[in-house]
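Input: structures, listed below.
Consider the two complexes below, in which subunit A is the common component and subunit B and subunit C are the respective partners.
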Partner chain A sequence: MMRNTLLAAGIATVAIATAGPARADVDNFTEVARGRYLVTTGDCMGCHIGPDGTSLAGGHLLETPFGMIAVPNITPDNETGIGKWSQQDFHGAMTRGVRPDGTHLYPAFPYTAFTRMTRKDIDDVYAYLRTLEPVNHAVDRDTLPFPFNVRMAMLGWNWLNFTPGEFRPDPNKSGEFNRGAYLVEGPGHCGLCHTPRNMLGGDQGGKHLEGGALQGWFAPNITADKRVGIGAWSQAEIVDYLRDGHTERGAASGPMAEVVTYSTSQMTEADLKAMATYLLERGAAAEPAPTVIAGSDARVQKGAAIYDDTCAACHVGDGSGVAGMFPRLRDNQLVRQADPTGVLRVILQGAQSASSPRMVTAPSMPALGWRLDDQQVADVATFIRNSWGNAAAAVTPDQVRAMREVTAGVASPAEH
Partner chain B sequence: MPLTTRRQLLSATALVATTSSALGRSVTGRLPWSPNEAYPPELVRPGGWMFLRPEEVATLEAIVSRLIPADDLSPSGQDAGCTVFIDRQLAGPWGTYEWYYMQGPFAEKPLPTQGIQSPLVPQQQYRTGLAALAAYCRENFAARTFEQLSAAEQDKLLAAMEKGEVQLPGLSAPKLTTTAFFNLVLQNTMEGFFADPIYGGNKDMASWKMIGFPGVRYDYRDVLANPGKPYTKPPVAIMGRPDWNGRPA
Partner chain C sequence: MSATRLPKKDVVIIGLGWTGSIMACELARMGLDVVAIERGPWRDTASDYNIGTAPDELRYAIRQDIFLRTAQTTDTARNTPDQVALPMRKWGSYLPGNGVGGAGVHWNGHTWRFFPSDFRLRSHYTERYGANFIPEDMTIQDYPVSYDELEPHYDFFEKVCGISGKAGNIRGAIQEGGNPFEGWRSDEYPTRPLKPNLAQIMFQKAAAEVGMHPFPLPSANISEAYTNLYGVRMAPCTYCGFCEWFGCANYSKSSPQTCVLPALVRLPNFEARTLCEVTRINKTPDGKMASGVTYVDSSGREWEQPAEMVLLCAYSTFNVRLLMLSQMGTQYDPVSNTGTLGRNYAYQTNAGCLGYWDKDTNFNSFAGAGSLGMMADDFNGDNFDHTGLGFVGGANINCTTTNARPISSRPVPPGTPRWGTQWKKATAETYGHTQSVGSQGSSMAYRDVYLDLDPTYKDRVGNPLMRMTFDFKENDLKMSRFIVDRTEEVMKAMGAKQIVKTYKRGPWSVVPYQTTHNTGGAVMSATPDKGVVNRYTQHWDVPNLFVAGACLFPQNAGYNPTGTVGALTYWALDAIKNQYLRNPGQALVQA
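Right after this comes the complex of A and B.
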């Protein structure tokens, strides 16, 4: 009897110890510090940001082609967060996309990339998350419509689209290359946006990092292709872009601006160099170059007139832009992506560039959707995409109309 | 001593700046921005009259076409849309001096430096002034209306109104003198002639072409690099220009 009571008390104590929010101990400072850096590298805040704007309490609705997914609370709150998760539970979620109760997570959570992380790194992320203030914030996790709400279906999805397994360094490559590969393919999960999706939302086979559409933006090709990728960029330019959000070529905007602000601008120079090295050395891949649309084309001529009256004041008549301020459109990889989503979005809605510690003000482009109708936006985009060394498919008014709906922009200007 | 004064002025300014927080805010770091942000002026709806009555329109069209007659330099005030401009302005917030303090007291003999001292808002000034002009014409031109007068007669009458040599019946200081009414119409006609076409006047940017005004362009580095060469670009209005917006400006 006495023994049983003691045992029960002992169990209760254990329960309290594991269930209570764990704090950083003096003896795991190194792990916590590494974990914090990895949380920055993985830009966890980008999705898990809480309604308070500072915690990882989740609640943000992530837009996917299958419906809205509410991002969970990953603070160590027992009731609404991951306070009850063990280190092993956390490892299972990160590497296999499975929750402690065995149910499946959706790959909007990039376990498809985190599976490449080392056990040590994942444990350190766990150690860091345990030090956070628990936030009691319940998130409704069942927001997807049928049939996508059937989490068991992810078993089949994983079989088709998921290759688990830790990153294997290439012994024939430099340490810097392998470090970069680990960051890009693992914690950085660049492919989640920059790789095109197949119909199931999985990576399109053989198109790794060739650019993908998401949330009404287009994450461009980041292979070493010189025409639409970053093959023409120097390592220093890529580092500048990731650290500051700005280079002489242009500026990060949209989701990438957030990535720069919350993640890459906080990373070490050595890691940014490693990522640049990997991206430049891993190879080029892109669709074949389209033929340039001639300047005599009526759409291009109208576009040129619109450009001269509307865009040239900042981007300059010859498309050279102003370094550090107004993106250069001449010989610009972004504007000649096969998918014109990014260009159309920026013209219609305007855009703010990234704010980073070294470049804080984040200059922005004004919205022009109120001034230009669908045909005019299409024409000026076609002109920009086929001038000064650029060549890309013409843009149609239908594409502009679709983008207007996505951006919930002001309606096309009323007929005068 | 001048230094002290300057410092006193600066500290006084700082005091004002810190105490009146409602007037401004300081921005550090990231500049404020929101997607789709735009404050476009309202497009003038074509056709119809929003404030003016048909007989007022007829008289006003005749006046603006004498103030700006059609010649080899430009179309007439009427053809440039000056009356449309005035009508839409009268129908808008300016027509009622929406943002002015319009309660009394009003000075009986205001100095020019006292600004607006008439209790009449522009809508009332136009309605009163045009009615007085109609009455004057009935009495003095054998029941002909202003627009039925010959161009020479119209010019003579307008010149007399400007100089105060004619007093339209019922118009008097401090509410509205004949000269003040004339000056109001002249001022608004010029505004309609030179303002952006989006406001209803300056059709086809005619006045800008006449004087070589480039419109809403604001960067001339390309041009400044060619000193001595003529500026050849066509003017651009807020909503564009006919070469690409598919409509007369």
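Right after this comes the complex of A and C.
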């Protein structure tokens, strides 16, 4: 992406007509400053990024199990953005998923989380968005196929999957815990990715933050479970990960790299600590641990040979990795998620890790899918998932084949 | 077709390799609006040198994937002024880099400091051996900057790169295990030396036995994880053996990509334009200043980029050519001995010997790194008494294990057929049981060795190619023969059962690879009659133009140039930041 950005920064300028005077009152400094921080916290840029790479003019196609959803323009352009929306209109969209004309938004827009935000915070976000340069950029909002294009159906969906209402602090917990809970469950909307989806795309009941598959990635368990969650991480380590995108244990890549780049790397240390406290204290939940597959298993032995040839140069023979550069695979929660999507994704297609102000180098995992066949990928994944303190179900060639189909046509960040 | 004029920038940088990226990073961090214009493509580790594709000998070493295409531009070459030069249509003797990172991507990573005496070469030899010691046609001269002045900048560059090594002289105190002949250092190397292979262990013992002082080669293939002063991270070298002519897939070889660019590309006031070739440095109407550059993009469109300052940071020979094409400076003429541009071109004089061992001595040469080596400097520079030897200069003696790649690494004993069953059998028997002891020798400057524009051959946009007039001279060949005999002594002490000794011989041929250490042509000098730029690398005639690279060297030392190129870049930056920018447009040294 850096490459594209640089090339785009060449002679040609991206032509986006700007128009409209819908600007905010210049005196509301406090509201605007708070709103800007909340827009960062909510990672609005992650989805609403415009074709110019800097505005919130939308147009990005969001991949969902039901089809592609084009993300709308939320700059204050009267014609193509939200320039005509009132504060109340905006509040309705954020807390109920309803637009000013009464039509329903899809829950790919996480109003299911934003409904936990305070009125004041939502008004501040609105105040900030009003200060942005209006960008005239029309986005086709009807990209889902039938029957999902019937927005009225969202009424039923909301009845089944949506609990509106503002966040209520737990009086028995610390202020830091409650601040973290608010950020994680409200503006941060971590559960949108990290909670498994039911058939309808709603949260799977009782599995909050236990990890979910999306966009050909797997957002891992972030409960306090020590085996597959973040229970073995220290608060400082979680803060480092969110701020820098890199720790000794691993590197943020895929959608999480964008979250770090646009959002968490710019949050305050106090808020990151609060989120870590909440995640560590709210409890552990995971499937029971599987038994480790023995080193004598033929798949593990073949996988070990592939690992030595292909992986060990960076991840080191004992899986210890290189801190801040190449993730440690030994005793690593990410590689032993029950769902191997994440491991298979990075083996097959590679991944670009996050770059952040304190960790400017963004090493990338190369794509190896072109030179390892399905059986080889399955074996090396099975080996990694069952070595150096890891234990997880074996990966089958069928799972690898399915993963290839998911990622077919998606550009690799590290392909040549 | 006229060039489209673009909005003015504070700084335009020509070439985004080592010197260009360092200049860009330091000046953009000060807040200046910087644009770098690079002839080749954008390149980064993730997409261009990833571990899935990087170790490909056919693609990179044989087909020269990451080097400049001669169809874009090349040099013409001849040995003597009475010959007609011909263009090189395939690179051989040297391999210019191309694209972002330049030759800093594909180098082996030997990172040296020149000796203090190298910076005052003519004075030093004259003082020690008398005025008549230096031959009349040898045009060597002192640098206008001293080792002591450069020391902090050597130190800084080494810390940007994370160089692995062992200091031999810290503020005058000789250090056990380091190079006792080196100039004083303010600090130890930032990372420990690489782990020696069998060959280095044998050399270390043997060199000490014959009275030399072995020490590990200062390496830009780094031994341990390192974070540099720009916050850029590197990982330990894995001794994969795909170093020289390759990009490093493991973030282990110091390069613009691994040491500078990740910090640089985050700066919003920096911009890179790739696949854009600068064809002229433009002058203001009064001819006294540079007004910017003209370049051609990949569509063939011509653009003019005005700028307050121009930094010439391409490969050394292309820097010289661009100055010639832009008519900045006076062309050197060897007949009338006038002019300075193109004067004092020099190269490097490398030779050594190859030893053969029995099957029980297994060198595992494939487990190598570009700079995995044990060295001795006892016969480098003026570390030995030259009285009666009849030559100026010296060489480092090295025992390196850089690679044993399958296509090119086929050492067979003399007399083996060049192909067929016997060759295959000899290859299998010999592979892993040979080791070289080489040398990297100085190359002096001479009156009739120089660069100018070719009268016949032009590039694709109609600009004359640069003509190189070079041959190995007797002084340097004599030096090299003396050194090769020393390498043989060490080799014998190492216990080789057979030694093949190869002396350097002329004439210079453009075909076999020798070294990409082309130096001089835009030399830095104390006075404008002896060089193109002043002691701060500022052009004598054009004060808002600074030149970087090995083209500044008045002659070449018995070392790779990169360490000194890096030090001179930070030295120049110090002058730009603390002197020039306070009073822009002024000459820092009065002519």
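The definition used in the following text is that the second predicted complex is superposed on the first by the 382 of 416 C-alpha atoms of A that agree within 3 Å, B and C clash if a C-alpha of one lies under 4 Å from a C-alpha of the other, contacts with A are read in each partner's own complex, and residues count from 1 in each chain.
The working rule: a residue touches a chain if its C-beta (ideal position, glycine included) is under 8 Å from a C-beta of that chain, and two chains touch if they have at least 3 such contacts.
Since the model is a prediction, treat every value here as computed from it, not as a measurement.
Novice: Touch test for A:Thr407: subunit B only (first), subunit C only (second), both, or neither?
Specialist: Touch status of A:Thr407: first partner only.
Novice: Looking at A:Ala294 after the superposition, I want to know if it touches subunit B, subunit C, both of them or none. Which is it: first, second, both, neither?
Specialist: neither
Novice: Please indicate which partner A:Met199 is in contact with in the superposed arrangement: first for subunit B, second for subunit C, both, or neither.
Specialist: Neither partner.
Novice: First (subunit B), second (subunit C), both or neither: which does A:Cys314 touch?
Specialist: It touches subunit B and subunit C both.
Novice: Pick one for A:Val322: touches subunit B only (first), subunit C only (second), both, or neither.
Specialist: After superposition on chain A, A:Val322 lies in contact with subunit C alone.
Novice: I'd like to know which partner A:Ala367 touches here: subunit B for first, subunit C for second, both or neither.
Specialist: Both partners, subunit B and subunit C.
Novice: Quick check on the superposed pair: does A:Met152 touch subunit B, subunit C, both, or neither? Answer first, second, both or neither.
Specialist: So A:Met152 meets neither subunit B nor subunit C here.
Novice: With the two complexes superposed on chain A, say which partner A:Ser355 touches: subunit B (first), subunit C (second), both, or neither.
Specialist: both
Novice: Taking the superposition as given, does A:Lys302 touch the first partner, subunit B, the second, subunit C, both, or neither?
Specialist: Once the two structures are laid over each other on A, A:Lys302 reaches subunit B alone.
Novice: Is there a shared patch on subunit A that both subunit B and subunit C touch, and which residues make it up?
Specialist: Subunit A residues touching both partners: 310, 313-314, 350, 352, 355, 360-364, 366-367, 370-371, 413-416.
Novice: What residues of subunit A sit close enough to touch subunit C in their complex?
Specialist: For subunit A paired with subunit C, touching residues are 2-3, 6-7, 9-11, 310, 313-314, 322-326, 350, 352, 355, 357-364, 366-368, 370-371, 413-416.
Novice: Which residues of subunit B touch subunit A once you look at their complex with the stated criterion?
Specialist: Residues in contact with subunit A: 29-31, 33, 35-38, 40, 43, 46, 198, 216-219, 221-222, 233, 236, 238-241, 243-247.
Novice: Using the touch definition from the top, list the residues of subunit A that touch subunit B in their complex.
Specialist: 302, 305-306, 308-310, 312-314, 316-317, 348-352, 355, 360-364, 366-367, 369-372, 375-376, 379, 407-410, 413-416
Novice: Quick check: in the complex, which residue numbers of subunit C touch subunit A?
Specialist: 6, 42, 44-48, 50-53, 225, 227, 230-236, 238, 240, 249-251, 258, 262-263, 265-266, 271-274, 297, 303
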